[in-house]
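What follows is one structure encoded as structure tokens, with my remarks underneath.
Order as written gives the chain letters A, B, C and D; numbering starts at 1 within each chain.
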Amino acid sequence: MSEKTRVAILGASGYTGAELVRLLALHPHVRITALTADRRAGKEFADVFPHLGGLDLPTLTAIDEVNWDVVDFVFCALPHGTTQEVIAGLPERIKVCDLSADFRLKDTALYEQVYGAPHKAPDLQASVAYGLTEMYREQVRAARIVANPGCYPTGIQLALMPLLKAGLIEAEGIIADAKSGVTGAGRGPKEGTLYAEVTEGIHPYGVGTHRHGPEIDQGLTDAAGQPVVSTFTPHLMPMARGILATIYVQTAKGATADDLRAHLSETFSAEPFVRVLKEGQVPATRHVRGSNYVLLNAFPDRVPGRCILTAVEDNLVKGASGQAVQNMNVMLGFDETTGLMQQPMFP
Amino acid sequence: MSEKTRVAILGASGYTGAELVRLLALHPHVRITALTADRRAGKEFADVFPHLGGLDLPTLTAIDEVNWDVVDFVFCALPHGTTQEVIAGLPERIKVCDLSADFRLKDTALYEQVYGAPHKAPDLQASVAYGLTEMYREQVRAARIVANPGCYPTGIQLALMPLLKAGLIEAEGIIADAKSGVTGAGRGPKEGTLYAEVTEGIHPYGVGTHRHGPEIDQGLTDAAGQPVVSTFTPHLMPMARGILATIYVQTAKGATADDLRAHLSETFSAEPFVRVLKEGQVPATRHVRGSNYVLLNAFPDRVPGRCILTAVEDNLVKGASGQAVQNMNVMLGFDETTGLMQQPMFP
Amino acid sequence: MSEKTRVAILGASGYTGAELVRLLALHPHVRITALTADRRAGKEFADVFPHLGGLDLPTLTAIDEVNWDVVDFVFCALPHGTTQEVIAGLPERIKVCDLSADFRLKDTALYEQVYGAPHKAPDLQASVAYGLTEMYREQVRAARIVANPGCYPTGIQLALMPLLKAGLIEAEGIIADAKSGVTGAGRGPKEGTLYAEVTEGIHPYGVGTHRHGPEIDQGLTDAAGQPVVSTFTPHLMPMARGILATIYVQTAKGATADDLRAHLSETFSAEPFVRVLKEGQVPATRHVRGSNYVLLNAFPDRVPGRCILTAVEDNLVKGASGQAVQNMNVMLGFDETTGLMQQPMFP
Amino acid sequence: MSEKTRVAILGASGYTGAELVRLLALHPHVRITALTADRRAGKEFADVFPHLGGLDLPTLTAIDEVNWDVVDFVFCALPHGTTQEVIAGLPERIKVCDLSADFRLKDTALYEQVYGAPHKAPDLQASVAYGLTEMYREQVRAARIVANPGCYPTGIQLALMPLLKAGLIEAEGIIADAKSGVTGAGRGPKEGTLYAEVTEGIHPYGVGTHRHGPEIDQGLTDAAGQPVVSTFTPHLMPMARGILATIYVQTAKGATADDLRAHLSETFSAEPFVRVLKEGQVPATRHVRGSNYVLLNAFPDRVPGRCILTAVEDNLVKGASGQAVQNMNVMLGFDETTGLMQQPMFP
């Protein structure tokens, strides 16, 4: 490991870009050789994110100005819709972890329907691995391009996929009610994410129509071995980072909450980033803030035959940049936890 | 209306007590003649709640020291479990609106099971009206004692009861996922409600076991005309006041979200405090903050045959003190909106 | 008072516009006949501010479309720099309270220096009253146009002007360190006021250069009878509304904090909206939220000869829309507190 | 470094205890062998702080149960007043960093006056180093016991001491207006630090009387070579962690803000944790959150002869546990930055 892997972050001026820089600052095997942000090209990264002013980083450039000869690995944090062409144009020797939604849906026809535009790199799509690391580790290891999962699908799929695979819950009637921090909406100024509009309140959005619904169903369908259509309602709340998913399921085979918890515990027992809590312990988003952990638990419902699952994650870490680093570690053969052992920051 | 009704607030040192004082300050037909708080007896109200220091109010006393001769109406905001005996001991000519849970459940056996202690005034219970004003207005008008509903049950029942009565939704499979501000937990110091423990995070609590579950079911059962057991999960989030309930239902008779919204609109068309929003409008807790309004809407789900209902309220106003004043207005023959037309405070 | 005064709000789509509507909804002597917002013309007010959807209000129009025949009084909440011409063009019979900075500085040369553009209505300026109601009530009563004070100058001047007039503090060495909620920055989307950028942090801004500095000095100079140049540092903090000013002064004539407090108490003893707290009571912004109150107090410092004054207000009420209504009440001969007796909302 | 240093944390159930554990989790040269919390003895640390449930840690014990044979270094995070006796009773070979106020004031008579009780280990006091690392590094290196500075004094002294030493500012008329997060008040439940009491507001406290005043003056006096009495006003605001100090000074020798900034830059040029920003750059608490950095800057004031200094820190890191680890590193001969290079977490 004498030579460090040279990393470029495309679209580095957003929150996921900043979070990649924060995490990679403690990664011993990589160094950042390019940071792009077309509209801020020429600026120092610390002018855009002063909290990282203590690091020695390259100046922001336009994506056209990147010298790909000094790049071995690319994190692509560009907006949805712009990424397929960019990645298609990269030198083949460069491995890529893409944080956009552009390669997440395997079915390009579904992609077009959900995102409203034809897929621009359908040939690449077939070879892309879906980077929900704990579920698709071998595909990630073998892939040149990994599509990093959406923030909501990460926790929800980790809670449900093992239970569907084991037939412990019904494939019908799954409801995920998710509560998210505001960084999921990005750093672009919008009235709806102003402090005064968000503080001390909560509201749902994209009710019945959010684009992460089909992505969630893709994983659940894969796990269940039959088509799954789930209910998914995201909410925006006063919290910079974090996602809590409260998931309502019908159990199968007479399974109880204890059975579900036990199966999740066993499934994830060797996983460094997924912890299944003890009976009665309530997952809270603040217990994972700033870290790559996902916490899961299962609770019995008042209604016989139903259980309530909970999953928490930091949307910018396990839900984005942390899982991206985790995937890079797998793709490049590093220990999977490298650079990711920063503990949650509470309070 | 030459003589003002003389009002006592028992247990005035909590948040609901303060909120009663705030609202009654603009009520032209009442004046506050007694404020009790046993542990703070002898203090000025403004020492306990400095924000109301501009008002002319009686000094706090112990409940034993109240001169009932100068009291016509009592708001009882004492802790659960202590209220039944207090109210049983009041002079019969005094009307009462009780904000505790002590008289909410009509079935005293269920009360004992849920609250862990035998009911201490079962004879009174039979004559108590459940003060969900819009649903039980005539009972409220006729009652001497009104049990003010719990904060969660208020919005959830208002959204569901008309639909169950009309047979537009199934009585089975109802799931209410509720997100609450912190004032619902009261002003008593606890580690779990410290600022540093609550800010920037969310977690569920009382999963499958919260005491408002049976209260919700009581109303739903009454509306459906058959026993209803619903799923109810409350969450604690960084918000002083406000409740959002996101409610998942199965529709009946092929009803659509539009049908549900139309029926709710018609049901509440003459109600001053319940507003059914237009198609696609998202209720947000910040749109009712400080006011007695409840906002409702219905959305189609991705899953055929399901709909998503939303209800927002201010837990301290329509979910507690505001509805209590509304009930008092009905009980005393005042215009129902008197003192309650303060508009929501946003931002 | 059989006929209600017809009021127009120009620039109604900002936070101060919404706050004017909220307050006027409880004002018995006025009705709103025009609401303008050029970029949102044609929309319903409730589409822009859903929290006020319970009110019956005119549709938003462009300012050019207002029928001035049905307007008796104008609140002008337009951006700084655009207001002078608009007000100069209004029919003379219409009285005006202007919430912008355009008419606050009496010296038009100073205006040009501070705001970077020549004054466009210097003839009008001479007749404008500065609407710090408690200090300039008679001028307000006599004026056709009132310049509503800036949010920071309101509390700071109320704390200092009586003490300077009485010679109880030195005119030199005055330092005001102010902490403000975010609504002071308006509703226009900017990166710096996004939730994720503001929550859980604080920073100063405009250090040594904020435009409210000269406005503060104008009042202090008037009160002291000699030129005053004060130090003023505003800070942006995670709070939708509220301003706290912590003010450091040198006392004169051997005056103590008790002397200062006593003089402020006496000065404001008959004022409905200014309360001087008791010795040791700490003013907190939450104690005035949503109300038109200002709370003041004086504390002894560790350093002999110095005192610390504190002033709190709601920047959208006494610091903007509330004081504007207060000024309207004075200008139109209504009781000064009409529509303004809503008590602070805490928590 | 084959053998790790064995560390005990006394009083581990508070926020500073948790923060020590979080930071030491990434420290390669130490391992935690004892964690005490008298009232929680027998519990797992993760029961008290679930966010650190991913670590392998000793069970909490009472302090009496610690086996000192397996302890080389002690972090003492006990309440003020209880620490002097505890530390006096430790084996002499154990080095100690004390996070309480018990050993911060060199003058034991002043200690008694400020803290209201006689000093219980005056013999030890003489040998204690004051652990403001950048100012007293050599004393820290040589000491067995280091008194970790108070949160407020850390940033304020770092900003002022170099300027006083250089004679660039006057020793008179120094005013520090500080804004702090709530964790400074500890984890013990109190009404004043409940979420609903703190959110969306700000107030000063301990005006003119806060105990950190004399501690600040101790450092300033040392730097100035003459007695300094400064003005210090802390404020409590809705922020879990962070301190901003806005400091008002009179310059000496005709010095300008540029001169002050240049001198601070030069003074701290080799320091890993103190960064002096460029002209005009505004320090914000969010830019240091979770990290051991202090950011400083100097601004010209409107008033000739005055300047405004700003300092930000994370009160739990550089203001407590981070500086404690930094001091441990110096005391034990580790690289000073070991375990402390986690970058700030924003947003």
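Just so it is clear, a contact is a pair of C-beta atoms (placed from the backbone, for glycine too) under 8 Å apart; a residue touches a chain by one contact, two chains touch by 3 or more.
Chains and their UniProt names: A, B, C, D = N-acetyl-gamma-glutamyl-phosphate reductase.
It should be emphasised that the depicted structure is a prediction, and the values quoted were computed from it without experimental measurement.
Visitor: With centres defined as the mean of C-alpha atoms, identify the chain lying farthest from subunit A.
Guide: Centre of mass proxy via C-alpha means gives C as farthest from subunit A.
Visitor: For the pairs A-B and A-D, output the one whose chains share more C-beta pairs in contact.
Guide: Contact tally favours A-B.
Visitor: What is the distance in Å between the mean C-alpha positions of subunit A and subunit B?
Guide: Computed from C-alpha means, the inter-chain centre distance equals 39 Å.
Visitor: When the centre of a chain is set as the mean of its C-alpha atoms, what distance in Å lies between subunit A and subunit D?
Guide: Here the centre of subunit D sits 36 Å away from the centre of subunit A.
Visitor: Multi-chain contacts only, two chains or more: what residues does subunit A have there?
Guide: Residues 15, 181, 183, 196-197, 199-200, 238, 240-241, 284, 286, 289, 347 of subunit A each touch two or more of the other chains.
Visitor: Taking the complex as given, what residues does subunit A use to touch subunit B?
Guide: 173, 175, 177, 179, 181, 196-197, 199-205, 207-209, 213, 229-233, 235, 237-242, 244, 246, 248, 282-286, 289, 299-303, 306, 308, 310, 312, 347
Visitor: For the complex, which residues does subunit D have touching subunit A?
Guide: Subunit D reaches subunit A through residues 15, 18, 21-22, 25-26, 49-55, 183, 199-200, 240-241, 275, 277, 281, 284, 286-291, 293, 341-347.
Visitor: Hey, which residues of subunit B end up touching subunit D in the complex?
Guide: 15, 181-183, 187, 189-191, 193-200, 238, 240
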